Amino acid sequence: MQEALHTLARLLTSVAVLVAALAVASPPAGAQTTAGDPDAERKADLITAYKILVNEGILDSFGHVSVRSAKDPNVFFMPRAMPPALVSVDDLLELRVSDSQPIDPKGRRVNGERYIHGEIYKARPDVMSVIHSHSQAVIPLSLTPIKLRPVVAQAGFLPPETPTFEIREVRKDGDRGMQVTDSVRGSALARTLSSHPVALMRGHGEVVVGGSVKQAVVYAAYVDINARMQMQALLLSRDIVALDGPELFTPAEFDINRPWEHLRQKTLDDAARAKVDRAQFGLDQTQAKR
Amino acid sequence: MQEALHTLARLLTSVAVLVAALAVASPPAGAQTTAGDPDAERKADLITAYKILVNEGILDSFGHVSVRSAKDPNVFFMPRAMPPALVSVDDLLELRVSDSQPIDPKGRRVNGERYIHGEIYKARPDVMSVIHSHSQAVIPLSLTPIKLRPVVAQAGFLPPETPTFEIREVRKDGDRGMQVTDSVRGSALARTLSSHPVALMRGHGEVVVGGSVKQAVVYAAYVDINARMQMQALLLSRDIVALDGPELFTPAEFDINRPWEHLRQKTLDDAARAKVDRAQFGLDQTQAKR
Amino acid sequence: MQEALHTLARLLTSVAVLVAALAVASPPAGAQTTAGDPDAERKADLITAYKILVNEGILDSFGHVSVRSAKDPNVFFMPRAMPPALVSVDDLLELRVSDSQPIDPKGRRVNGERYIHGEIYKARPDVMSVIHSHSQAVIPLSLTPIKLRPVVAQAGFLPPETPTFEIREVRKDGDRGMQVTDSVRGSALARTLSSHPVALMRGHGEVVVGGSVKQAVVYAAYVDINARMQMQALLLSRDIVALDGPELFTPAEFDINRPWEHLRQKTLDDAARAKVDRAQFGLDQTQAKR
Amino acid sequence: MQEALHTLARLLTSVAVLVAALAVASPPAGAQTTAGDPDAERKADLITAYKILVNEGILDSFGHVSVRSAKDPNVFFMPRAMPPALVSVDDLLELRVSDSQPIDPKGRRVNGERYIHGEIYKARPDVMSVIHSHSQAVIPLSLTPIKLRPVVAQAGFLPPETPTFEIREVRKDGDRGMQVTDSVRGSALARTLSSHPVALMRGHGEVVVGGSVKQAVVYAAYVDINARMQMQALLLSRDIVALDGPELFTPAEFDINRPWEHLRQKTLDDAARAKVDRAQFGLDQTQAKR
């Protein structure tokens, strides 16, 4: 009897597995384009960005990524408050740039740090995507007087010194904690970021911005590598060579498509491996119930 | 034709796999709830804690976790002496807080360091769970005069300085080794811990306590991250910024459910992968024989 | 009964898997030898080199490997511009040593840094293979005044000090960036390399050369290990012991076949694991469509 | 037709897989005891030791382990020259302690560094097993004037300072390299080791000895952990606490069975995972052909 039940269960599970596999394998990952939705591609890239950043260890149980609407630049998309590893298109909320509040959340919980995104979109018309991470590659530097400096060739999109946001500078009496949970803190972070692609956040992580989701993700990946290389070099010698003027470049000069494709493929491979195992155990259905 | 064959194959192959999956996937992991047992949930959390801490590398072949009984606060549960990776509900013993001795062990071997747990439960009525680990993230700090300090935002549950227990201070002539194997050493450790959530143990590891198993586990995970970030920052500069008063928080202010769920899900995913392979080879039956 | 079912299931399940396995397991990986092609073996080794170096983390989304033609020493083979992880024999182009230009590219895009390879083949008649990598093991050293020195026994093929190429020394007004994208930069790099097996490239990576693809790959693997050991030793003490005269050796004295076989087998094992998962989901066909 | 062939192939492969799985799962791993062979258990432990040490990263493409014969203390067993990852019982040779020469090698190639083993067995009647590894945990220390010192509780089997063998002290004019390839070098190493369980080898690795294979393996695992903890602590402060007299212990006081079982089980789990994948691809047969 047990065997018969399992046989039936397995038949149904295999169908789910095959569907899931096809979903993972179709580039871009998660692109269930809604015909006529001008933001479909940006939302799809956002879901892929989550998968890449979780896979690279840049996002773990905290951190969030958003994208500005192509249809309406006064709106941005960001997931409800949830673990980054589980974000899907259905989890995206629409929020207003003006006050970082959600438009019709339908009972879904917003992220307390949405002001990081809204205030940066407000201050930076050029920015289309914002990543806030707790990357362990940058936190050590953020705790010291040493500024992140570009040292590896691909980090030439960084300025000679990347600013570190110190939240105490805008702390008022009675303020607690280090989270950017209101527009005062959010706009202070945006001021520290100014026109740069990155700002570290002391003891907290970083914010990385780009003219597209793809650019922000590639920037975040290279900030991580650059930070580790700079730190290791500084342990060996205080006399290290950072990139100089002719070695820096503007965003337009940096083709991010090849690193984006490399990261996306790397994430697909790893996602396929995890999906084989989870699907065989019916774990995808278990997750859906929550 | 190939699809039909595969369909048939899939529905026949995974009988054992699906059973194993159901066992792994039922939250909380290993919760063979005994109807009417007020400690069923705490014991289930304890088993999950073991899986999480082993998966995170915080427990390896040594280390142990316990939970105080909800039914009787003068009793705590802890596994018999065994590798952390294999702990199940059936391995739990009941011990007395008063003297760290087991109640009816039924021939199972108790852990020599049970006094760490008993003496802390005795000194700390607020503590419901104790973790003793040999985490390699904290041992280096424990060997130096430098104290663990909170530097990352999520570590605000730590005091400005975490004490390091030096067992030589209670060593008597003839005493050997560094294990906490009697109530004198155990109560000395509890005094060093005092009202804090953590105490390092020089050259040995740490003890982490919480108002629940979930809290202790989340604390242990963030102590690890914080220790690594503090160490790496100190290698760069002696002038590092630690959290100050307004950045610290009380346990009640730290929602540990979201990191707990993230860690639990991460552990389930990895457990599923291992179970696929072991089940296919009948290794689970092999383990049960031992 | 369960055994019979499992036996039946096993024999039905893995048709695609066995085909994939045969493809992966045939040594050397990817060797579609063309009867009568004197460069077939070198090309096959080149493909294996890519798999090994990607698996070892020495190549990631950047970096490239080439091999000189056995048939015509004025020609070398190198893939079109593409992610290292995906290189197959069909992606190889023929280029001229004299000017690093492709012979009949058939519309495939050449790699901008092909001059690294051409100029070294020109300057070094003994060199049959060139690896350019962005290995994170050597970048930190490259940023400091400290030279790579042989410290581990197997690194005795290195000279007492390995040169670091500083591209600013050949930078002309108006030159941008750090990539070796013309023969001036390429020949400058070759001059820095001189008769050595390795040259670091400040903030960029390294170039490693050998009398065969196998030798270059084994050298690259040991440069990585040596660099990490030298760096960690320097963190402990400025007074470290490097290999001296009698501890160095010539290429002829170093049997690279055993480490090459070890690396190849290690890469096969890992490739098999990834192929199991991708094959079960038809992902290989998906990739071919792109 | 292809399906029929594969079906048949799969049936045969599955039988091999199931046999392999049973072989892996039966403790101790690889114990094909030959009735009446007093050295069967030691040889079986030796094979398990190789699997554990490769899995722990202590052995990679180099390094070797041996065990003294229980039947004849003037004989020891060691594999032919081959990658550690592939060692099986059939690869073991018998060698004489007196001169490190093989007894009836049957054309199999001996390891050039067998003198490490023979000379230690000669000098140390208490030693039953010798491990020579290139562990990257100890090489950095070996390059400096700093001696390995016991700092973690489980490393109390180490003396206050572990000696570092410097091969130049016995180098004669014309000697080349750093390998221990004759009895002069071997006996010099044994003199440096003296009565200790470990000696580092500058720029090369270490030698670890024990009263059994199990003890040597557990010692090697803890030397690795201890070395890493000591190094990281030294980066933070020159003032670190090492174990003192009462914290050290004799071999008899250290129950190595629990860590050995933990390591063995950890290796079995990982071996099962690799065997699932390799067996499905017929890679085990591919390896057997070499």
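When the chains are written out, they are named A, B, C and D in that same order, and each has its own residue count from 1.
Rule of thumb we're sticking to: a residue touches a chain if its C-beta (ideal position, glycine included) is under 8 Å from a C-beta of that chain, and two chains touch if they have at least 3 such contacts.
As the structure is a computational prediction, the values presented were derived from the model and not from experiment.
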*Stepping chain to touching chain, what's the minimum from chain A to chain D?*
2
*asked:* Hopping along touching chains only, can you work out the least number of steps from chain B to chain D?
replied: 1
*Please state whether the interface between chain A and chain C is built from the same residues or different ones, using more than half shared residue numbers as the mark of same.*
different
*Calculate how many whole Å lie between the centre of chain A and the centre of chain B, each centre taken as the average of the chain's C-alpha atoms.*
30
*Report the inter-chain centroid distance for chain B and chain C in whole angstrom, where each centroid is the mean of the CA atoms.*
43
*For chain A, write out the residues touching at least two other chains, lowest number first.*
3, 235, 276
*What residues on chain A touch chain C, complex-wise?*
3, 18, 21-22, 24-27, 151-154, 156, 225, 228-230, 232-233, 235-237, 239-241, 243-244, 246-247, 249, 253, 258-259, 261-263, 265-266, 268-269, 272-273, 275-276
*State the interface residues of chain B toward chain D in the complex, per the touch definition above.*
1-2, 5, 60-62, 83, 85-86, 134, 136, 139-141, 143-146, 168, 171, 175-179, 202-204, 231, 234-235, 273-274, 276-278, 280-283, 286, 290
